[in-house]
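Reviewing the structure listed below.
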Amino acid sequence: MQFFFEVLIGGLLSGVLYALVALGFVLIFKASGVFNFAQGAMVFFAALTFVGFLEVLPGWTGLEEGGRAVFWLAFVLSLGAMVLLAIATERVVLRPLVNQPPITLFMATIGLTFLVEGIAQGIWGANVRGLDLGIQDEPIEYMMENFNILISSFDVFAATVAAILVAALALFFQYTRIGRALRAVADDHQAALSIGIPLRHIWVIVWAVAGFVALVAGMIWGARNGVQFALTFTALKALPVLILGGFTSVPGAIVGGLIIGASEKLAEVYVGPFVGGGIESWFPYILALGFLLIRPEGLFGERHIDRV
Amino acid sequence: MLYREAGQFKASYEADQQIFPILQDRVGVLLLIGFFALAVPLFADQYWLKAILIPVLIFSLAAIGLNILTGYAGQLSLGSAAFMAVGAFGAYNFMLRIDGMPFLVAILLGGLCAAAVGVLFGLPSLRIKGFYLAVATLAAQFFIVWALVKIEWFSNYSSSGVITAQEIEILGFAFDGPVSKYLLTLFVVVVMALLAKNMVRSTTGRMWMAVRDMDVAAEVIGIRLMRTKLTAFAVSSFYCGVAGALYAYTYIGTVEPEGFNLDLSFKILFMIIIGGVGSIMGSFLGAAFIVLLPIALDVTVPVLLGDLVSASFVSNLQLIVFGGLIVFFLIVEPHGLARLWQIGKEKLRLWPFPH
Amino acid sequence: MAREIGDVVLKMEGISLSFGGVKALTNISFDVREHEIRSIIGPNGAGKSSMLNVINGVYHPQEGQVTFRGEVRRDMEPHKAAKQGIARTFQNIALFKGMSVLDNIMTGRNLKMTCNLFQHALHWGAARKEEIEHRRKVEEVIDFLEIQSIRKTPVGRLPYGLQKRVELGRALAAEPSLLLLDEPMAGMNVEEKQDMCRFILDVNDQFGTTIVLIEHDMGVVMDISDRVVVLDYGKKIGDGEPDEVKNNPDVISAYLGTSH
Amino acid sequence: MNLKKTVILGAAVAGLLGSSLAIAAEQFIGLPSYRVGPYAAGGSGIFGGWIDYMQMINERDGGINGVKLAWEECETEYNNARGVECYERLKEKGETGNTVFQPLSTGITYSVLDKVAKDKIPLVTMGYGRTDAADGRVFPYVFPLITTYWSQATTMIKYIAGKEGGTDKLKGKKIALLYHDSAYGKEPHAVLEKMAERYGYELTKIAVAHPGNEQQSQWLQIRQLKPDWVILWGWGVMNPTALKSAAKTGFSREKMLGVWWSGAEEDTVPAGSAAKGFTAAGYNVAGDNYPVIKDIETHVYAKGKGNLEDKSRVGSVYYNRGVVHGLITVEAIRKAQEKYGKGKALTGEQVRWGFENLDLDDKRLADLGATGFLPPLKTSCMDHEGSGRVKYQQWDGSKWNVVTDWIEADKEMVRGMIEESAAAYAKEKGITPRDCSKEM
């Protein structure tokens, strides 16, 4: 039983991290109807930019290496880079393709993926880097001693950060002018336009927010596995979360992440050994697929009734 | 002047319903096939045959497969490479386990295996649409590759999980050189492309497109959605499967399941989007574009910049240019190269007298 | 009119339909006779389109039964309805946008075509013959609707009025015995309306097709209908010949909006 | 671009001296490199080291017996189709065609496996590719040089036995194999199982799905199992993730043993302090304290001709692996020149003989300034592996330190399996193995 809980809790915590990546997809899909394939590349780009600045800033500014000042300066600069990326994306990719069918926009984001990957590695090089956020990835002793359940302190930290981020985004959507405008756009582009919300600004903002989410996700995943090209693969973990939770639902991404995280771990541990293991590559997809058969619009997706 | 249909009156519906109704198109296609079947083998060197033409043809076939599903029937799929894998491993096992199995039959059977698997993974399409379906097809992608690695029977218990294509022999003639392999590939691809063209211009194709454009209306005029979608999945997977078998037999030789990974699926998707969704011709153009562009960049960029920047930067620059060109093409012509081709033809039709 | 109104072919009895608690239709009964033009009218949101959708199986009512040519059912799949000879058009044109006029109308004949996928792929012999034979039928429809000049045009490029006509063509290509038309004249100018009226009457007259029609233009409805059903808020408030309905106080108040 | 320059230079010189003088011979080497994508870090390191070594030979020695080395890169993106294109593109280049093809990718290796014998271009796969190709009778043109996955697996058990105090102590020990769920990860299964039968340890195989950036469930399983050792057969991001997860679940890194594709700086640096104590195999070692590396620094980097942007990577595991690639390639050409004529550009077929008759003994390695840098190597018609020895290195938190001498593979066991597998391949493909007694 103790093992079961260990796996379950570990899975739920991982699930939060999947949700974090899925969140970026949801934001963009909600506001602009674009299935942004480049989200994984953005995570990579953000993390690499952050680590890159950490490396070069001490030399440029004379700040103490590894210090707080460098950390926050790098964070702000990376955020700036993500905003620039958002502006460039809107200008170069989205604006000329407005009103094109979704598949064309999807394809354009694939082109964007190559661009972003090439730029990231072109500027910062292909070296694999470590990232230390100062939180040790070790078992929490209290849980170990009292319940013999292993829970990683880093995962708890990451989950907390993700939770704060989600809460902050929810507040942002609910209570700010921009947030309300974003929701209006998500509900109805035409209507939003007609009441005078500049769609272009909204797109830039939402891509920038998605860039911010990518930066946080990239930092956490980068601290877990190193800052390297493989960060783009985190997108693969996020996709089943996305279809399970619904493309347009922020809470869906969270709940979907928890379900996927927990069930894939339990499946790998309890089912994997009987079929040769390694089922984590497809299990979340099959799970999500089975779920979709029951609810085709995802957990929290908007139900679509065909009107004829 | 040359491309003018004026004066070509069709006196019968039969004439109007030919595969290529305009004379110049008929002649053009014949010339094209003639050129690739007769002239190319004479003049192309091994490099062009083995490294460019054969893969372009094979990827074109896979792209036709995906185009049938996505372009005509409107079901977005990200699992084409997995169906190619089924075709390759299927053909291999038929060749291996049945004595005297004719090669062409084996690749068709491989295609049928892929079709069967395709129908299975197409079942969810009855309830799931759009990007939800696309992500769901990733289940096929990952599951099939996983199963091919795990179930050792598929690779005949080879220690590394790879299969090595047997020699190809048809009616006593061994297809072992690049020219013969190229011609064999060309033959299969051209025949299947023509069959595909026939399908999409007949009731089958109209039903696919009807489902794509508006499924409720399609059902109301009596089209059975399930059957139509599953037919599209079957035919599409069949095409991908045959492409996969050719990939193993006339192109790569020894293949591992991981060779049919998600990247390949995406590549095939690029081909149809760049080439033209819902166009057989576009599948060829897209495949050629996606195969040739990176090579062209790899040949030219280092020459232009090689001494100025590091080798790594040159490689990254290629990636940047590749991505940039994709975006550029989508902006210039979101409907793909096939549309550009059509516009070109229309211009030609009027030339030199624009109205 | 020369045609003979026959027996009842379609009978709706006690139909109730709701979407997650919202009632669209409440206990509605009416019938349609062979060869007649039967109109359904009512204000927006009265449930007219839902009624058509129940008839050809797009919506499945929770209560009631439908009797079509002696077969009793509550719901069915739309493609089965098509097989029984029910064809229809839609309020917001439901053409296949990526296809030409010719192909759109050809799809209307899909139920009459028997060749399979392999024959299509080879496009030889039977498949070829079938294609040509049906093309001929489709050309008849094209001639009938006077749209010869646009047969190869993608429908997406056509003006609204022509699209409506093509949609009628697709329905006619199926040679239906019951034709459901959902606001065939909405958004048309007077001239286009006249054309459309003429086509509807000709279809009814020449082919003897039974027609169920939803239309807002009262003038048109009263002119061409044999009998009219009036719905309001999902309930039937009137049924009968045009003159009868015109003088029904419930109908008048519903249209003038005084009773609610 | 060096090719172009040297050709132009050669042509200019020839023009000056009159047409009677032949252009200096050049040996062309096509490099199917990858510098973008997931494996760019490894690719740029290995190809950087390789190019630098060849540059050094040109600069220091003026080539091999006066034959300058020329090369051209072709970007494969680690993609099979691109690899085939590169193979075909590079095939005909240079005076005598491509000398050798070393794709650094098992997928590309398979993709060109059938082609090399026909084209007569040796295919060298160091530490990857098809293990049974070590049987040179069936695979005359394929060289899985130095060591193979199967050899490596046996040295791992030997290493563990050494730590446990002898092979007899292996009995009852639990060893977990954490492997990348792919053809690559399946390579050691048969060998490790066979050895488990012989030595009585208990082997548990745990698969990690590609790409391996999540290993929570695997490591919780390992925590339940409490194995004595974990063998990490990882690739790419799977390696640092494994080390991190080991730390997370409290498994000692000292008891983790990595394959040579998990034993580079790229695998440990991202794991930070979690990597400390981790030990991994290597057929080359890290460090810049070898004469061969010093020569590269003086003859290449001091002149500003180095291939790496980031010079600090000189001496890293992947860089040094590239130097080994360069060194062995050069030695094979040198050997072949002894037979086919010094100072001449050779064909792939001739260089193949060189690869098959390599003899890098301690003395030769000392001459090359590479004592201890790579194991002594002697190939033959029968044996295209040539060595089977690896060293183990341990990560101390900032660098790799060699902790063993060269450990010999269990040749007798591996060789049997290689011959069996190669024979099956020969049968399937209808190949008649060469008779090695007739080979010179």
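As written, the chain order gives the labels A, B, C and D, with residue 1 at the start of each chain.
Following the convention adopted for this analysis, contacts are C-beta pairs under 8 Å (C-beta built on N, C-alpha and C of every residue); 3 or more make two chains touch, one makes a residue touch a chain.
If you're wondering where the values come from, they're calculated on a predicted model, not measured in any experiment.
Once subunit D is excluded from the assembly, the chains that remain, linked only through touching, form one piece.
With respect to subunit C, maximal separation of chain centres occurs for D (centres as means of Cα atoms). Taking the mean of all protein C-alpha atoms as the reference point, the chain centroid lying nearest to it belongs to B. With each centre defined as the average position of its C-alpha atoms, the distance from subunit A to subunit C rounds to 49 Å. In whole angstrom, the spacing between the mean C-alpha positions of subunit A and subunit B is 33. Centre-to-centre spacing of subunit C and subunit D amounts to 73 Å, using the average Cα coordinate of each chain. Rounded to a whole number, the gap between the C-alpha centres of subunit A and subunit D is 37 angstrom. Residue positions of subunit A touching 2 or more other chains, listed in rising order: 117-118, 121, 125-126, 236, 276, 278-279, 281-282, 308.
Of all residues in subunit D, those touching 2 or more other chains are 35-36, 40, 44, 181, 209-210, 309, listed in ascending order.
Residue positions of subunit C with contacts to 2 or more other chains are 58, 90, 94. By the touch criterion stated above, subunit B contacts subunit C in their complex at residues 12-14, 16-17, 19, 195-196, 198-199, 201-207, 209-210, 212-214, 216-225, 231, 235, 278. Chain contact summary for the complex, subunit C toward subunit B: residues 56, 58, 77-79, 81-83, 87-88, 90, 94-99, 103, 106-108, 110-111, 113, 115, 117, 120-123, 127-128, 131-132, 135-136, 139, 170-171, 174. Here subunit D touches subunit A in the complex through residues 35-41, 43-44, 181, 205-211, 213-214, 216-218, 220-221, 223-224, 236-237, 240-241, 244, 247-250, 265-267, 269-272, 274, 309-310, 313, going by the rule given at the top.
On the side of subunit D, the complex with subunit B involves touching residues 1, 33-36, 40, 44, 47, 73-75, 77, 79-82, 84-85, 87-89, 91-92, 106-107, 110-111, 113-115, 130-132, 181-184, 186-187, 190, 209-210, 307, 309, 421, 425, 428-430.
Those residues of subunit B that touch subunit D in the shared complex are 46-47, 50-52, 55, 96, 146, 149, 156, 159-162, 164-167, 251-259, 263, 291, 294-295, 298, 302, 306-307, 310-312, 314-316, 318-319.
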